[in-house]
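Each structure below is given as structure tokens.
Across the two complexes that follow, subunit A remains constant while its partner is subunit B and subsequently subunit C.
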Partner chain A sequence: MKADFQLDAKGLSCPMPIVKTKKAMAELVDGQVLEVCATDKGSKADLIAWAETVGHQYIGMIETDDVLKHYIRKCTNDRTEEMTFDQTIELEQVTNREGLILDVREEAEFAFGHIEGAKSIPMGELEARLAELDKEQEIYVICRTGKRSDLAAQKLVLHGFTKVFNVLPGMTSWTGDLIKNI
Partner chain B sequence: MSNKVAIIASNGGLFDAYKVFNIATAAAASDKEVAIFFTFEGLNFIHKQGMHALPMPAGAERYAEGFAKANVPAIPQLVEMAQELGVKFIACQMTMDVMGLSTDDFIEGIEVGGAVTFLEFAKDAAPSLSF
Partner chain C sequence: MSVQQWDASFVAKKVIHNEKLFILDVRNADAFEDWKIDGHQFEYLNIPYFELLDGIEDILPKIPTDKEVLVVCAKEGSSLMIAEMLSEAGRDVAYLAGGMKTWSEYLEPIKVGDLTGGGELYQFVRLGKGCLSYMVISEGEAAIIDAVRFTEVFTSFAAHKKVEIKHVFDTHLHADHISGGRHIAEATGATYYLPPKDAEEVVFSYAPLEDGMTVQIGASNIDVGAIYSPGHTIGSTSFVVDNNYLLTGDILFIDSIGRPDLAGLAEDWVGDLRDTLYKRYRKLSDELIVLPAHFMIIEELNGDGTVAKRLGDLFAQNHGLNIRNEEEFKRIVTNELPPQPNAYQEIRQVNMGKITPTPDEQTEMEIGPNRCAVR
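== the complex of A and B ==
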């Protein structure tokens, strides 16, 4: 799975995976995803608790051949600016309509759970991948809380898209089925 | 919510050292402000020579292999890591006087203080722990 940084904490026991994760996190900028490979079984609970304590987003974990791969997204300075895109749509409405659900979260976040049929284009790749989108189709832009999708919707409008809606609230409030590709 | 963790290290065995430094480094890595007050045998942990020869509890020698197998860092490494993460070390002046020790006997970067120095730090810390 795609991550911006990898940390190898295999063979290390508590508290080293946490200490190394903290150090590695300092290298990331806001919104980037760190993959932590660990063998310490205690890291399962510890990294979730650590992320909760320091305010990062714990995305999920994949367990393979005794290696635990954790995905954590840095969010120390969660943007506080107001959402400004005024064409919005309620989360409950998106599945009743014909258009495209565009999920602009990071690839790992998408992989650990998204709405069926949603298309994944992470925020950072949006401008390079506009050709994959249809200007005639309604596009419902979604992220975790509505902030990234607000910016993404503005970007789409700048590039000539008109049938763009920001989905509020975001995936944090989604209670329907989640599709995973892990 | 308190962002401070206050720890008293008053026993000097190897197991005690792990309890102290694992909690201290984990707390510091979780952006907590951490101070450890080293008193009585706890001073061993920051003693230049003592920290390299901390005793196992009697009868627990068989765990030495387990420590190696679990790839647990050595105490001097954990001490260094704790300092790197900004954990404050306070050595107890009274114990030093009783044991005839001076700051030269200890690793760099420690503070020396009395009970009130620790209490001042700990007054709004949660949790406060004693090992």
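== the complex of A and C ==
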């Protein structure tokens, strides 16, 4: 799975996986995803609790051959800038409509759970992949809380898309089925 | 200032001797909430180690200087790191060798009493998990009841006492911890007994433990007599040792009674539990000393660290033995149950011989508090 940085913490026992993760996260830019490979089973509960304490987003974990791969997204004080895109749609209504659900979260976030039928284009790749989108179709842009999708919706409008809606709140409030690609 | 390493037995003595101790537990809040090192006079502060990576200055005022301080974590590494940070800040602290993992495995053998003709009865107190195992010793022979999985503790204790282990019993098929009974029997050539009604699915051979059966330990007068006493499981069996001690397994504890649901059949077995507690045990002498297979709270320990009480006292004081109304009893025992022990279904599979996890996996299964009782 795609991540911006990898940290190899295999063979290390507590507290080293967390100590190293903390250091590695300091090097990341807000919104980037770190993959931590660890073999210490205790690392899971501790990473989740640590991420919550410092405000990072613990995306999920994949276990293969005794290696635990954790995905954590850096969030330094959730950006406080206002959401400005005014064409919005409520989360509940999205699935009743014909258009495309465009999920702009990172690939790892998408993989650990998304709405059925949603298309994944991470925020950072959006401008390069505009050709994959249809200007005639309604596009419901979704992220975790509504902030990235707000920016993404603005970007789409700048490129001539008109039938664009920001989905509010976002995946944090989704209670329906989640499709996983892991 | 120096950092000391304390081993589990050193900490166990502090629990048993009612000493004061300040424990800085640096595990996750959930883990601490779930279980910790219990002591009558222990004080606690729980701050996860990962909240202290930038320094321990903020918590220094919360750590006393007039008490011994022990830093505890899951396996040792984090507690050592935090202990060293505290030491650099000028504090005298210790950390627990092997962490809670080792604590959950430590057994403290304590003599319960002398038996007829020079025999002895020992209780092995597993403080970290609340399990109690027993060894009856007489004239060069030994019987073990409800052994936990650390078999070498029992075999080396027997070697130290110069006795041969002849009989190994489990009062029932355990669901909260992995039994060492079968492996001790295999290693020593002893006979391993299980109640047949609990053993229908086991995949090894065993000797059936039947109601009224008596086994003699040594050449003289010490009997271990079996009493069928279902309720916690359908096969649960108690023992009377030397006409003086009643080993109740998971049927009756000091401050609580057994739960009937760990094999999935609370409604079916609650009647058996009622009969055992309110009829079968009532016929026994009040003077018998009850020795259960578990304790749940540190208050159940006597001053010498043993977990034991007169049956007559339990009839007077144990709430579970004093619920007159049968319907009320059934309601409490089937509806007001605490959460089930960690991995109890897998543990039953291990004890049936159906799966054989690695030692690390076994540790993982047994982690957390004991929950065999309903209070």
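Simple rule for what comes next: the second predicted complex is superposed on the first by the 181 of 182 C-alpha atoms of A that agree within 3 Å, B and C clash if a C-alpha of one lies under 4 Å from a C-alpha of the other, contacts with A are read in each partner's own complex, and residues count from 1 in each chain.
Just so we're on the same page, contacts are C-beta pairs under 8 Å (C-beta built on N, C-alpha and C of every residue); 3 or more make two chains touch, one makes a residue touch a chain.
Here the structure is a predicted model, which means the values were calculated and not measured.
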{"item": "Simultaneous placement of subunit C and subunit B on subunit A, clash or fit", "value": "clash"}
{"item": "Touched partner set for A:Gly42, first subunit B, second subunit C, both or neither", "value": "second"}
{"item": "Which of subunit B and subunit C A:Leu68 touches, first, second, both or neither", "value": "neither"}
{"item": "Partner chain in contact with A:Lys22 - subunit B first, subunit C second, else both or neither", "value": "both"}
{"item": "Partner chain(s) touched by A:Ile101 [first = subunit B, second = subunit C, both, neither]", "value": "neither"}
{"item": "Touching partner for A:Gly11 - first (subunit B), second (subunit C), both, neither", "value": "first"}
{"item": "Partner chain in contact with A:Thr53 - subunit B first, subunit C second, else both or neither", "value": "both"}
{"item": "From 8-16, 44-52 or 314-322, the subunit C stretch with C-alpha clashes against subunit B", "value": "44-52"}
{"item": "Footprint overlap on subunit A, comparing subunit B with subunit C", "value": "13-16, 18-19, 22, 46, 50, 53"}
{"item": "Complex interface listing, subunit B residues touching subunit A", "value": "22, 25-26, 29-31, 70-73, 81, 85"}
{"item": "Subunit A residues touching subunit C - in the complex, by the definition given at the top", "value": "13-16, 18-19, 22, 41-42, 45-46, 49-50, 53"}
{"item": "Complex contact set, residues of subunit A against subunit B", "value": "11-16, 18-19, 21-22, 46, 50, 53-54"}
{"item": "Footprint of subunit A on subunit C - complex, ascending", "value": "28-31, 48-51, 53, 73-75, 77-78, 81, 364"}
